[in-house]
Each structure stands twice: as structure tokens, then as C-alpha cells.
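Going by the order they are written in, the chains are A, B and C; count residues from 1 in each one.
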Amino acid sequence: MVAIHPEGHLVGDRRGLARRTSWVLAALLLVAAYASLAVGASGVSLPAALADLLAGSEIDARTRIILLDIRLPRLLTGMMVGASLAVAGAVLQGLFRNPLADPGLVGVSAGAGLGAISAIVLGGLLPAGLAGLFGPALVPVLAFAGSWLSVSLLYVIATRGGHTSVATMLLGGIALAAMTAAFSGLLIYMADDQQLRDLTFWSLGSLAGASWSKTLAAAPLMLAALLAAPALSRGLNALALGEAAAHHLGIPVQRLKTGAIVVVAAAVGAATAISGGIGFVGIVVPHLLRLATGPDHRALLVNSGLLGASLLLLADVVSRSIVAPSELPIGIVTAVIGGPFFLWILLRRRGSLEI
Amino acid sequence: MLDATDVTVTLGRRRVLDGVNFQAAPGELTAIVGPNGSGKTTLLRAVTGDLGYRGRITLAGEELSGIPAWRLAPRRAVLAQFTPLAFPFTVAEVVRLGQIRKGPGSAADLTPRALARVGLCGYASRPYQELSGGEQQRVQLARVLCQVWEPVEGSEARWLFLDEPVSSLDIAHQLQVMQIARDFADVGGGVVAIMHDLNLTAMFADSVALLAEGRLLEQASPEVLLRDDLLSRAYGCSLRVSTPPPSGPYVLPHAARLG
Amino acid sequence: MRLATCRRLTLAALLVLPLLPAPSRAEEPQRIVSIGGSVTEIVYALGEEDRLVARDTTSTYPTEVAALPDIGYIRQLSPEGVLSVNPTLVLTEEGAGPPEAVELLKEASIEFVEIPEGYDRAAVLTKIRRVSEVLGVPEKGEQLASDVAAALDDAGRIVGEETSGTPPRRVLFVLSMQGGRVMAGGANTAADGIIRLSGGVNAVAGFDGYKPLSDEAIIEAAPDVILMMARGGDLAVSDEALFSHPAIASTPAGETRAVLRMDGMKLLGFGPRTAEAATELAHALAGG
């Protein structure tokens, strides 16, 4: 007697549910994208502008700049950064076989930050200030290098004989973050007090500096990572059974790990370079989705991208409307939501954590 | 045919396997026995392609180390002693991980059939991590069966490698699992299993390889190999082999081959 | 006595100027976002505050300015936030950013003027003249500049009289003291500038900008007086905390427990109140 659903689905198969969730999340992303284009400190109305456009009348320069040069690049940046952080979180958790791995927690973001700061200081562009450098792709590329180095080091530190220790991973992450912080501190010491304040704001995370030049510089890395990630899903599923079992199931384990590290490094590096330290998206989003539709990475990675993008867009809408015409750094918004959520996960799992 | 010739494995500085010759034939259940630390698991890991080795191992005439993981996977499946699971998959999702091939011929979902085979029909939607150790082991067996569902494909036998498949099971399920392995061999597949229980080995195996201290002492049929002197020497304690009918009150698992 | 005169002068300027008949200014910018505390202060001192539509976080003086919407921090401008108040002119201290935001504002055909920064007498007067030119009220600017120049001269005279014959006091400006780490103002800072204007000597002029000081460097600097900003909250440092710092305790300033606290914006803003600040500080340094 095999338990079969009326539609012929086997009980315990959540693939249908995951697919339906994808549609819901896609709709949510559309709503979030609309909100991101429609809501802002200025009273510019998207529907009115669209109506004008359809009626064939000219849109004034201010409206055009606000919609096309301010809100649109910010929408795209927010979507890519949110999706990148969430997908990177899911991939990192799959790689470490641990749902608590988060790019921010295990020092990967710190590595990306060090790369970005190095680019700023060593790029010889210090006088132009932090943001002056974002035009060229130097910052995203060095941030990528920094996060790649961090993930690789972390993997070497935390994995022994194919087994990744949670405690070693978290402690290794802390050690890595401390070391990168020391290097960053050295570079920051060389900066003047104006840049110091820039760095403080940058570390809080913000999409405020989103512009076409920055978006286009960081987009290739993030898009490549997002498009490559689904190819890892079968391997990450098998890896959930351990490296040996994954190998038995025909997965080229070493290649899978390298691929996962590169994807995480590219996504986190580029996202950090463009938006600073935005935390908790990488842990909250995949965790929620695993609760809702299960840990199958084929659905998890796609849905994480959709939900991460939506959440960051909505957080950004909050960050720019709550103290308008000024702005709250978005990292504060995500931390305020994500911090308690992370604690909740920890408390729920307290019994089963092997730390 | 699985053929290992003069296989030596060194882990760190320790020589864990030393010049082992080992054969397993399709259509047979080959057991690997020996005391703890004798190199049983190392031998199994060598023939599943998990470990580097010196010597020669061939699968159907092909040198094992030259076969990439993706080509090896459809030809053999491996059940470990214990398989940890990182995320809260359901039983059905775990079993489906074994269905590595897509396309015509494999379109049918094997998951319900594999679960039925190991007697876990009602378990499909249960979270794997909440099952008992024995149940988890049977779910993993179902997954492994999915991977090599047809014991013979074309003219080539497929292989099941089992590392102590019955160690965490009660006596009824021990018999059930051994019977599944026996059936797999009976229709032409190859089975290699590490065994601790010599009575079950005597009941189900066609060939037994006895290891001690990293060396192969002997490989032969159970009737030939299970001798007082050899076993006592290998295990380092006095053992007596009785031939049925039993000459005293002890529990003897009853199975088809004895009847 | 002289301090009071000087204060009265500034006050008079503040009170009288707005009452002057306003010339027609049809072509001058009417909706101004003022960024940077000193620039905002100058706009008020010129009596042109009715043209302001928004300010930045550092613009806190005079207190009425708090009623204006705050568009955030000078280096983290949100372009849409600025655009939302419909400005025709953004008047800012040096260093407004990020560059993308500035770029967009210029593109939206908003006039964008940066007032050069500096930490001496000439810089204050230049700032005032520049702001008044941009606002289209150069006469008012000249008036204010000469008032401020006179006040600065007064301050200089006080410094000359009160410190004659005594060696100049060594002053250590402490920006913050967090976790026992002393952040001090080196050369090319507003702190250095105001110390000079007040006849003091910056005890740590060996480096540029604000840097953390090692204990040995503090002892080596041997300040006679510690200068700090008066502020509350987490950043406030009590005398207790300051003088229990072992390195500071062993300096001449520590032995005499000599610490001065002044309003940060007045002290470091280099705007219309700089003369007042210099006079106050000079008195205090002279022990008055």
C-alpha cells in the first residue's frame, strides 16, 4: 500500500508546492518592484508618469531623472543584491551542510569588505572618496577576490575528512572576520576622517548610491552567479548526504565545491561592493523557504533569489521613506528584522545544535 | 566481475590494507568479514572508488580509477554504515536522491516501489531526521536500490556495496534486508557486503572474504571458510562452528537457504 | 568685557540684518538646500533663512533650523530626498557626496555650489563672501564679513594682551575617547585652526587629521589643557573618565585637571561664530 495523492503525487513530495510557491514569490517580486518604482521621498507618481507616456506627452526632466536615473537603477541593484545575498546564503549553507552558515556571520562579507576597502585605498583614488571609485569595476572585482579568499580559507579551516564542523566554521568565521577587520583597520587608519565616515556608512549598507554606472559594474558578477547557481542544485542535494554519498551518486564533488565557492564569492563580493554590509538576508530567506517547501535546492535556490530580491526591495522602500527626505541605511533595517529572527532560529534549534 | 589484485592502501603512515586479492562475481553475494580494524571498510571504500590505492581494481574489466564519478554512479550504489543528513528532507525526498538518471525508461517514479521494498510504505512524508536509526538505514537502502533498480542492465551487472547493512536492525529486518540483497544477486546483480554476523553470513553469502590486520586470510564459500581454526585465529578468540541440525539450544535465524 | 561686546556685535548682526530692506531678487535662487553647519549659519547670519527649504544633519544652529526637513548626512545624500524638496540651489560645504548623487542633482538642473573649506581667518571671510555672492546679496556679505573680521581682530587683541609674556599654552583637542582610545586633532583640522586663533599651540601637530593617539604620544605631547566638544549621550566623557586615563593623568593638563568643553559646532564650524569661539577659548586659555 503506497500512499499516493489523488493527483498521483507521492506523499512527502513537495515539488508541486515549491513550484506554486515560486509563482507566489514571482508575484510578490512584481509587487515589490512596483513599490520600489512608485514610492519615494518626492511626490513623483509612477502611474501618472506612465499615463503621460502612453498619452504621448513629454515627461518633465525631474520626473524622468527620478524614475529612470534614481529609482530604476536602485530597483535593479536592490533586486540583484537581494537575490545574490539570499542565493549565496543558500549555496553556502548547502556547501557547509549547515543551515546557520551566512555570508555575514562567517566572515565572507568581511573579506569582500576588505577587498572593497583595498580597492579604494590602493586604487590611489583616496582623495576622490569612497564612492568616486565605484565607476570602474575595480571595487567589485577586488571584493570578489576578498570574498573568494575568505570562503576558500573557511572551507579549508572548517572541513576535515569531508566533515564540516559547525563550531569550527563559526569560530573560524570569527577569526577570519577579526583578521580581515585588522587589515581593514590598517587601511582605514590611512584614510582621513571624511573617508572614515564614508566607510562607517558603507559598512551599514545602503542602496542610496545606486546609479547606472555602479549597477552596470557589479551586475555581470551577480548575474553570472545567479544564473550559475541552479546548476549546483542537484549536487548540493546529494551533498546533504555527505561528500562520500554525493560521490557515490555520481557528483564530481571537488568541482561542485569549487563551483559553489566561486558562486558565493562572486555574489557576495559584488553585492557587498555595491551596497556595503547588508546582513541576515542570506540566512533568513533560505531558512523561511526550507520551512515552507523543504530543502530541495532545485526549488530552494530559485525561490531564495525571488524572495531575497523582494525582501530587499521592500526593506529599501522602508529605509528611504521612514525618515524622508533623509534615509536610514538599509543594513539597519535588515538587521532590525533579521537579528531577532536569527535568535529565534538559534533558540528553536538549540536542542539539536552540536556546538 | 569485480577484481582486486594486490591492493594496498596507506592512510597517513599506516598501511591499512596490505596486498589484498579479492574477487566478487555478478549473481553472487560476497561477504567481507573480519574483526574490528581489520580493513573491511577500507577494502570496500577502495572497490567503490572512494580511496586511492596501489595495485589493480577492475570493474567488468575496466580499471576503476579511470572511471569518473558520473559513469560509475549508474553501475554501482553504496550504502554506508551511517548516513547523516544535513537538512530536513522527507523520506520520499531522500529516496528520490537515488534516482540519478532522467529520460526514457526511468520516467516512472521508483520512490514508492523502493519504499515498499524495504517495508516503509507509510513513511513517505515523514521527516527523515525524526526516524529511528534502523528506519533511517532502511530509507537509505531504498535510496540505494533506486540508484541501481535493475540488477542487470543490458548485459552488464550492476553492483550493490553495503557496509554493515544490518548492524542497527532488529532480527526481522535483518532478514528482510539480507533477503533484498540476496534477491538482487539472484537475478544477476553483484552484491558486496561487510558483515559482522557470521550466522547471517553463512545463511546468505556465496563467497566470504576474511580479513585480519589488513591482510586477506582467505576467500572461499562459507562452507569452506567458516572453520574453527581459521576464525579463532582471525578473531583472536576460541570459536566453534556447528553444522545444522543444531546440537544445542541456540537461536538460529531461519531462512530459505537453510530449509 | 570684550567678550560681551563681541557677542553683542554678532547678535546685533543677526537681529538687524533681516530687517534691512530686501532687494528684488527675482532671478536669485528661492528654494535652497543648505548642507553643512557653517554654511547654514552663514545663511542665517545673512538673514536669508526664509529661502531655505531643507538642511542637513550637521545644521543645528540656530535652533530654528531644526524645523526644516533634514535631508541626511553630507556625504550620504539621497538624490531623491534632495529632489523631493524641490530645490533650485544646493549650497554645500566641501565634500558633498556620493558623487553619483551630486551628478544626478546637477543633471536635474539644480544649481550645485560647493563652498571651499578652510580653518583660518581668511577662510571664514571667504566663505561668507562666497555664500552671499551665490545668494545674490554681496552687500550683506561684505557687511557680515567686516563684522566678523572686526570680531576676529578683537579676539586677536585679547590673545595678544592676555598671553603676552607667558609661553603659549599647549592644547590637546580630544575628539572622542572610546574604549580608552583617544582620538586627537592633528594639523589641518578645524581644531588646530581654532587653537591657533586663540593663541594656543596644538600639542599634536605631527600628523594630519583626526587620529588615535598612543599613550606615549599623549605623554610626549605634554598638553597644558585638554579641549573637547560639549556633548551628551554615549559620546560624553566625564572629567572622571578623562583624568583616570593613565597617560592623560600624567600630563600637565592631568595634574591640574585642566579641561575645556565648548559647543562643537561653534568651536569647529568656522562660520560667523568663530570669532566668539576664539575669544572664549583665548580667555579660557589665559585662565580667565
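Methods note: a contact is a pair of C-beta atoms (placed from the backbone, for glycine too) under 8 Å apart; a residue touches a chain by one contact, two chains touch by 3 or more.
Just so it is clear, the structure is predicted and the values come from calculations on it, not from any experiment.
Colleague: Taking each chain's centre as the average of its Cα atoms, which is closest to the average over all protein Cα atoms shown?
Modeller: Central chain is A.
Colleague: Going by the average position of its CA atoms, which chain sits the greatest distance from chain C?
Modeller: Of all the other chains, the one whose centre lies farthest from chain C is B.
Colleague: With chain centres defined as C-alpha means, what is the inter-centre distance between chain A and chain B in Å?
Modeller: Roughly 43 Å separates the two chain centres.
Colleague: State, to the nearest whole Å, the distance from the C-alpha centre of chain B to the C-alpha centre of chain C.
Modeller: For chain B versus chain C, the centre distance works out to 81 Å.
Colleague: Can you compute the centre-to-centre distance for chain A and chain C, using the mean CA position of each chain? Integer Å is fine.
Modeller: Here chain A and chain C have centroids separated by 41 Å.
Colleague: Tell me, which residues of chain A touch at least two other chains?
Modeller: In chain A, no residue touches at least two other chains, as defined above.
Colleague: Counting only residues that touch at least two other chains, what does the list for chain C look like?
Modeller: none
Colleague: Would you pull the chain A residues touching chain C in the complex into a rising list?
Modeller: Checking each residue of chain A against chain C gives 40-43, 61-62, 65-66, 69-71, 128-132, 134, 189, 192-194, 196-198, 201, 206, 208-211, 213-214, 320, 323-327.
Colleague: If you look only at chain A, which of its residues touch chain B in the complex?
Modeller: 1-4, 10-14, 94, 97-99, 237-242, 244-245, 247-253, 290, 294-296
Colleague: Spell out the residues on chain C that touch chain A in their complex, using ranges where they run on.
Modeller: Within the complex, chain C touches chain A at residues 54, 57, 69-73, 75-85, 95, 97-101, 103-104, 107-109, 208-211.
Colleague: Under the touch definition given earlier, write down the residues of chain B that touch chain A in their complex.
Modeller: It comes out as residues 48-50, 68-74, 76-78, 80, 83-94, 96-98, 100, 109, 111-113, 115-116, 121-126, 147.
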